[in-house]
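Structures for review follow.
Next come two complexes, and both contain chain A; in the first it sits with chain B, in the second with chain C.
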Partner chain A sequence: MGNIKFSVEFSGGLQDLFGQKKIPIPSDKNEDQIQLPKLLPGESLKLKHVIDGLAAKLKGRNAKLKLFVQGDKGFYEVTPGILVLINDSDWELEGEYEYEIQSGDQVLFVSTLHGG
Partner chain B sequence: MPPSPCVLCKTNRAVILRPKDHSKLCKPCFLSVFETEIHHTITSNHLFQRGEKIAIGASGGKDSTVLASVLKTLNGRYDYGVELVLLSIDEGIKGYRDDSLETVKRNAKQYDMPLTILGYDELYGWTMDQVVEQVGKKGNCTYCGVFRRQALDRGAARLGVRHVVTGHNADDVAETVLMNLLRGDLPRLSRTTSIVTSTPSAISTDPNSHTNIKRSKPLKYAYEKEIVLYAHHKNLDYFSTECIYSPEAFRGSARALIKNLERVRPSAILDVVRSGEDMAKLVLSSDEGCEGACASTIPAAEEEVDGCGSVNGRSVGGEMASMEQRLAQNEVVAEQDLEVEMTINHGSGQRHDEHDSGTTLRKPGKKRGGKEKRGQAFLPKKTQKQVMGQCKKCGYLSSQEICKACVLLEGLNKSRPKNGIELGYEADTHRIANGVNDLQMQVD
Partner chain C sequence: MTATSVIELLRQQIESCEAQLRDLRQQLAEAEHDQQQEQTHDRLRHATDPHGDPLGHDMNFGIHDDFRSEVFAALSHVEADKPSAPRWPLDKSEYKRYGRQLIMPEIGLQGQLRLKNASVLIVGVGGLGCPAAAYLVGAGVGILGLIDGDTVEESNLHRQILHSTGRVGMTKVDSARIALNSLNPNVKLVAHTSHLTPESAIRILQLYDIILDCTDTPASRYLISDTCVLLGKPLVSASALRTEGQLMVLNNPPLRAGDSRGGPCYRCVFPKPPPPESVVTCGDGGILGPVVGVMGILQALEAIKLLTRNAQPPLTSEPMLAQPSDPPSLLIFSAYANPMFRSIRLRTRKPKCAACSAQASVTAKALESGSLDYVQFCGTVNPVDALSPSERISVDNYAKLRLAINPFTGMEPSKESHILVDVREKVQYDLCSLEGSINIPFSMVSHTSSHPYNEGNGRQQGAEEQTWVSSLRAYPDKPIVVICRRGNDSQITVRKMKELGLDNGGQRWIGDIKGGLKAWGQTVDRDFPDY
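Let's turn to the complex of A and B:
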């Protein structure tokens, strides 16, 4: 996974989760770094790993964590009502959690829950 | 996963999976299908009339922004011949509404529509911030909901507009259906599922009266997911934040339930909406009491009074009591099932097609059946509710002598602290809370 560069974005109210709209991975700034889980040799980076890394960043801030993921099944699931777009394409068409991240990808999390 | 082609154009790569039928569409086809479906909703329900001036209730959020954009597009494309204006209500919530109103102001320029902003302070002398300071966070949604409903009507009247459209989507309606189901409030269910609500025109002949405003929900069959996708793919400028006062207790649970259902079975949302509509047909509330003839004049003034947030302080006690009363009466009628069955067909041509489910679901309507003679079993419960008149104080449409906004205001004004904190403060707030409860019992 060494050289993969991609970004995650948040909108529809989720931009407050991490205090910024767009997070590059890896980030230039240390404090914004998202720690991705260590992969086995030959294993490729998948969206679920990214979600785990993002969720880890929210650990200890339960209210925010719940807005983003639900962990009651023993693994993190994106909270229902959040759309995930990978390069503008519905993640359901891309393999959801098993999607293999490519360099240059843009992953967008949009909440549909916020009213107006 | 290998990319799949769009099912419509068969050339572009599909990027959207439609929740309602699982079809895979490319971006241009999705935008076009979404717009066409709204057009279909508008035409098949005859929502608009040529020459009509229509106010879009605009909050700056995704729903009303998409509504404004789509209506602008469709009015041009299909030549509805309607005049569109934006109407925003400023509840006076710092850090929430003031930001979203900036979005509406930009939208007004983007869509070239005139914008009117009407504030609670201007209309009622109270901002929501002040109301919350007075009554606390619990139950303030009741005030906000009652005030907003009237505010839109008053704003429309001021603009000389007889028709207000709102951005309620399929998910909203499904939530409301579930909430009313869970409360056992079937009459309200029938009002909230209706795509058009309007105040009876017979009440006022004054064209400037704000008691005769039509309401409709052109996005009623549009999924929230698709609304967000539409806004995203069209790069629409919208504001998203949750109201800072909204505890979202009951609606929040209904909403989570809907979203969880959607994940397992995406069509569930529209299915709940349709079920709600079918149940509404079965419920003989006084709204439908004129045998279908006035189906389009469902009083709007008391629909969805909960506003957007919680339903704290709703009249559970009163509802339970009246429900028990109904159930007791139903038992009396239960033996006459066959007779009831026949009178259904006799009573209304609208409700001829649901026999089996009908007898059980229609129970609240049987109330009269026990008391009256055959053939009149389904007369509306006219005496009980929705005899619409005008508020003696402000002239707004109301089934009570004094409308709810005026009652709430009276309570607020009476206990407004003149000099900071007063000793009687606690007692006063308590009294107001009771006042709200009384009020809601009267309504139901």
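Let's turn to the complex of A and C:
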């Protein structure tokens, strides 16, 4: 996994939650680093690991955390109203949480807007 | 003080009424002008007087009188025989009015006729609905329906371009009708001056070919989408907040529920509503006029594209294939990003969708009986109630604390006796604030963990957060009064301050001002800006 480089982007207000529009992973900046699990040989990085890592950045700020993930079922699920896109296409087309991150991937989290 | 503010209020009211009168007079003049033109036009069309006819003028020279009268007899005969058969498919004035779009291959005569025969419904005549309606009326749709239960407010005018200063207080639907009628009197406007309800949705939406969702709450978005699926209508849905907008064309093609070739509906994309506390309105989050304007205009564009699809048959050498619908996508507009537009591919219909799958639970019967409660489905945010009455102070009592003369010292106002913390974001604090207050933005408060030693957010942030806490700790004796815009964030801040131990185990009073600066402006200081 050491060689995988990808990016996470936020839109629809989620950028305010993370204080960033885009986080390259791995990041040059220490404070942007997200914790990813140590993978065994042959194991691959999955989207759920990235979501857990992002959620960890919001820990201790419960009101904010709930705007990104809900943990009622014992694991983190993306909060309803947020679309997850992998390389500009709906993650349902790509395997959702189990999607294996490839080098160069762009993962985009979009919160739906309601104003009009 | 009171007398002058009454005078000022009356002046403002007179000014507003006069502006409204001016506006109405202008609308009247325009309407009269239109009517006059129409009558002149009709007269010209039905004129039989040959001397008024340029053709008759030419024929006066070098032609036998007998022949002339024969020709005229023949001409007038034709006209008398078929008085109603128009010579051209569109009215002459329509050729002129729509000329610039008529000459485009995407529209052409057939496209214009489709627009003319089409009816479009706009739900919500606000920031999205106004520009969308303007462009559809400009383009010459036959019938445009408008639904909204609200009245025009001053804070709408920077983006809701159909309304005007003189029409503040008028219903949005009526205000829009006035503006749209003066833009293009050929379009029939249908007014629905109350909000859409589950009971009325089918009855109203079935009258139209395409629906534009220009509303601003999740509940109305689900209701409109469900109804569109039940009635088989394509839906153009958009939304906007701050500097961003989103656009989707849903239920396109609008095939019946269970047909997987149909386009996804709002429920396919968002099966569960967002938590109510994550829904931010334009009033709270802000909105830039052109951002919502762009999205409304894109809705009008998508509606025109849908209505005129395949209007032009391809060239004869090419096989006659109906253009397939565009694959479902979400267009994201972000005014401060580069590039500003980004289109992402959406899923197809969800096999277990509650609205558009074979197992749909949303039925016309359930909708019309009122058993589907969309407001409950989407949830509501309960007003914040985090403090006990002894932790809250009314604006009147705070005014006394602040302005009243201390009976013991004789003169010193009590402003210095406490710390007033304003927790609005800095940009709002800079607009207007109470003298002597200090600004600790709520975002900074909510970033601060109540358990400082569990902080996992990096050193720099932790150090910064500590600053506001330690600066308050430096004056352990002064009571802390917290104020915000409406009296919600201030309560949460008081809670947080106590969790951080700033009340010294109950020795220092910390509380908030009920109703916030809004209440302050309404009851204590009428000059305090309301934004």
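Descriptive notes on the structure:
Just so we're on the same page, the second predicted complex is superposed on the first by the 113 of 116 C-alpha atoms of A that agree within 3 Å, B and C clash if a C-alpha of one lies under 4 Å from a C-alpha of the other, contacts with A are read in each partner's own complex, and residues count from 1 in each chain.
Everything that follows uses one rule, which is that a contact is a pair of C-beta atoms (placed from the backbone, for glycine too) under 8 Å apart; a residue touches a chain by one contact, two chains touch by 3 or more.
Being a predicted model, the structure only gives us computed values, none of them experimental.
Considered on the superposed chain A, chain B and chain C are sterically incompatible, since they clash. In the superposition on chain A, contact is made by A:57 with chain C only, not with chain B. By the touch criterion defined above, A:31 reaches chain C but does not reach chain B. Counting the residues of chain A that each partner touches, chain B and chain C differ, and the larger count belongs to C.
After overlaying the two complexes on the shared chain, residue contacts for A:95 are found with chain B alone; chain C is out of touch. Residue overlap on chain A between the chain B contacts of one complex and the chain C contacts of the other covers 11-13, 80-81, 83, 85, 88-90, 92-93, 108, 110-116. Across the complex, chain B meets chain A through its residues 1, 3-4, 13-17, 24, 27, 59-65, 100, 167, 171, 224-225, 227-229, 232-233, 238-243, 255-256, 259-260, 262-263, 308.
Chain contact summary for the complex, chain A toward chain B: residues 11-13, 80-81, 83, 85, 88-90, 92-95, 99, 108, 110-116.
Across the complex, chain C is touched by residues 11-13, 21, 30-31, 56-57, 59-61, 63-64, 66-67, 79-83, 85, 88-90, 92-93, 108, 110-116 of chain A. The touching residues of chain C, when paired with chain A in their complex, are 124, 126-129, 213-218, 221, 238-242, 244-246, 269-275, 277-282, 285, 287, 292, 330, 332, 334, 337, 342-347, 446-447, 449-451, 454-458, 460-461.
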